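To start, I am sharing the structure in question, which I have written as structure tokens.
Per-chain residue numbering starts at 1, and chain names A, B, C, D, E and F are given in the order in which the chains are listed.
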Amino acid sequence: MAMVDLIEYEDASPEVKAVYDDIMATRKTDWVNNFWKAIANHPPTLKRTWETIKEVMAPGALDPLTKELVYVAVSVTNNCEYCIHSHTASARKKGMTDEMFAELLAVVALANSANRLANGYEIPVDEAFRRP
Amino acid sequence: MAMVDLIEYEDASPEVKAVYDDIMATRKTDWVNNFWKAIANHPPTLKRTWETIKEVMAPGALDPLTKELVYVAVSVTNNCEYCIHSHTASARKKGMTDEMFAELLAVVALANSANRLANGYEIPVDEAFRRP
Amino acid sequence: MAMVDLIEYEDASPEVKAVYDDIMATRKTDWVNNFWKAIANHPPTLKRTWETIKEVMAPGALDPLTKELVYVAVSVTNNCEYCIHSHTASARKKGMTDEMFAELLAVVALANSANRLANGYEIPVDEAFRRP
Amino acid sequence: MAMVDLIEYEDASPEVKAVYDDIMATRKTDWVNNFWKAIANHPPTLKRTWETIKEVMAPGALDPLTKELVYVAVSVTNNCEYCIHSHTASARKKGMTDEMFAELLAVVALANSANRLANGYEIPVDEAFRRP
Amino acid sequence: MAMVDLIEYEDASPEVKAVYDDIMATRKTDWVNNFWKAIANHPPTLKRTWETIKEVMAPGALDPLTKELVYVAVSVTNNCEYCIHSHTASARKKGMTDEMFAELLAVVALANSANRLANGYEIPVDEAFRRP
Amino acid sequence: MAMVDLIEYEDASPEVKAVYDDIMATRKTDWVNNFWKAIANHPPTLKRTWETIKEVMAPGALDPLTKELVYVAVSVTNNCEYCIHSHTASARKKGMTDEMFAELLAVVALANSANRLANGYEIPVDEAFRRP
């Protein structure tokens, strides 16, 4: 159960409404998911987090789908159930197929495994991997 | 310092040499990095890990560069220095630019941050994100 | 669902009852929360954990509220739902307001984010930060 | 070894210099630590991270020292060596004594321990801890 | 709620059925738990994961019960609810008593605690612990 | 570099010396490793941690070697370099062979991997694994 009330659009202050409006306009959708309704309890966190996510997840040197895949990978590693659900949904909207999701999880599982082999054996970084 | 000796090609048993040969042939390179030389101390782990990595990181529904980016994202989240170095090097060989690396880390940082907002507020998963 | 039965006061052995009594006396309350009822299945763990928490969370160079905030920060980072709930409740009893909770989560989110930028870029520690 | 060159003030672009200037003015100091010199390789990350940290770590419902303690607690939990060093230094400047640092680590250790007892026993959250 | 449908035996393809059959034969049981029914959505992951688990968890220099205890310790540290339940059940079948489970969790809690003291104080590794 | 001075025996206060003496007597050795010399900066932490470790790691329902293996597994998962070194050394003294260490790391790697498959697919816990 949420630690705070979820703030619905009709109950929101003008500054919160302005963020909700921008979220819906940017995402071309007519609803706002619970993440925003929860952090809206602290308007500076809402505004800052939305501006960060809008900037970081925008198309750039990496395309938006790749960014969503990376986001899901981190969320699975950290076991954030909310984020796994919300960003898997975003990734699907941007083109992630069932096969891509399965391969994504296979890579995440592999990396989590090999990270521990490298750490457990305390393997020294090869000179060839270091910058000149 | 490594917990085990690194096994060089010339000191390796035939079964270890066979894996080293396959690594070099698959990667079209003439050397083997320390990760393999360390886990070669336990040949079943060497063989199994190489077969897994060869299968999982191969081109599929996700291209090899995307897989490397996901691998780096997990390694940064877990703070595996060896894996960050080795897979950043792999990703660069497959086309990752400085700009792409910077955007990758920005997404990893964002996801690690938002994961904690979602967990800290114990935000309930929206019905819309659940499968029908 | 709990992995063990929760041991209620009336069903407890004298040594478990003694710890429950001390918990209630120390906290000036008339009930014991599930954490203790679960670990009471192993009386040495119950006794040791209670003695540790009583000593570590007592007023010292840091005041009890600051200690609860730190406890919540760790629990959010590790995603321990039980601990987030129980220690947020403790922090509120010691004076944490909604605004303080929101700022706490904002710092936790920021630190989790910046930790990955520092690790991902493998940033060397400045000499100025090292002890002389 | 850093994954990128550290960008010194004299080599920085005007937009990077502007952030460095603001960091030094805000912190009333005449140098910039490596964290900023590393992320300056990606000016949008530099600017966004600095603005976030300036806003989140400013005095608010929580005082700046408490925020630094929380920041160190997260960094210790995640094992970010750079962040432990840099934010321990910041905390000391804001008044953290040796005794406070020792108590901070004792709370961090305790929380990391109790988090696993709660997760391992899968202890259900008490109704009394839930919001009405 | 699962991100994928669970694939029941009667709906499975021949290659999936072959893995299910081997799981049941190896474990001398007549059912397959949800883990396999979920990852069966990606047959290569199903096959590879089963082969790995069969090889790694088999009797070797470490006996199967010790391996299950280690598996539970990792799952508790990472807070994987599914894995805690499934591998605690496996450990019990292999002889883990309530007392052993309680001691296991006590060690896991202690290690998670001491890990943070070592990291927080940045304690240098003793020469005596390094290999000659 | 350590965040605190390491307190040598000859410079220690009587209460710290008493703990050092008990460590050496209990372990039948004539030296104290850096972990204790670092946390000795806060005598209550030194005393409490030593008493906990002496109680938890003692022979019980689990033998001391199994406890060390579990300790190493947690330390590898959390990437605590100090603890990996110190507890691998302890485990070797208690009988861990190279083969056992290799199998231990293989189980740790597997569990870290499967934890993410279970979390990523959000696999529901089977009824059969729940307590009646």
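The definition used in the following text is that a contact is a pair of C-beta atoms (placed from the backbone, for glycine too) under 8 Å apart; a residue touches a chain by one contact, two chains touch by 3 or more.
Since this is a predicted model, take the numbers as computed values, not measurements.
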item: Path length in the contact graph (chain B to chain F, fewest steps); value: 1
item: Required minimum of steps from chain C to chain F, each step between chains that touch; value: 1
item: Pair joined by more contacting C-beta pairs (B-D or B-C); value: B-C
item: Chain at maximum distance from chain A, centres defined as averaged CA atoms; value: F
item: Candidate from C-F, B-D or D-E with the same interface as B-F, over half of contact pairs in common; value: B-D
item: Chain located farthest away, centre of chain B as origin (C-alpha); value: C
item: Centroid spacing, where centroids are CA-atom means, of chain C and chain D in whole angstrom; value: 20
item: Mean-CA-position distance for chain C and chain A (Å); value: 27
item: Overlap residues in chain B, where contacts from two or more other chains coincide; value: 1-4, 41, 44-45, 49, 52, 56, 77-81, 84-85, 88, 99, 102-103, 105-106, 108-110, 112-115, 117, 119-122, 130
item: Chain D-facing residues of chain A, complex; value: 1-3, 44, 48, 52, 55-56, 130-131
item: Chain B residues touching chain A - in the complex, by the definition given at the top; value: 1-4, 31, 33-35, 38-39, 41, 45, 49, 52-53, 56-57, 60-62, 66-67, 69-71, 73-75, 77-78, 80-83, 85-89, 97, 99-100, 102-104, 106-108, 110-115, 117-126, 128-130
item: Touching residues on chain F, where the partner in the complex is chain D; value: 3-4, 41-42, 44-45, 49, 78-80
item: Chain F-touching residues of chain A, taken from the complex the two chains share; value: 72, 76-77, 79, 81, 84-85, 105, 108-110, 112-117, 119-122
item: Residues of chain A defined as touching chain E within the complex; value: 79, 84-85, 88, 98-99, 101-103, 105-106, 109
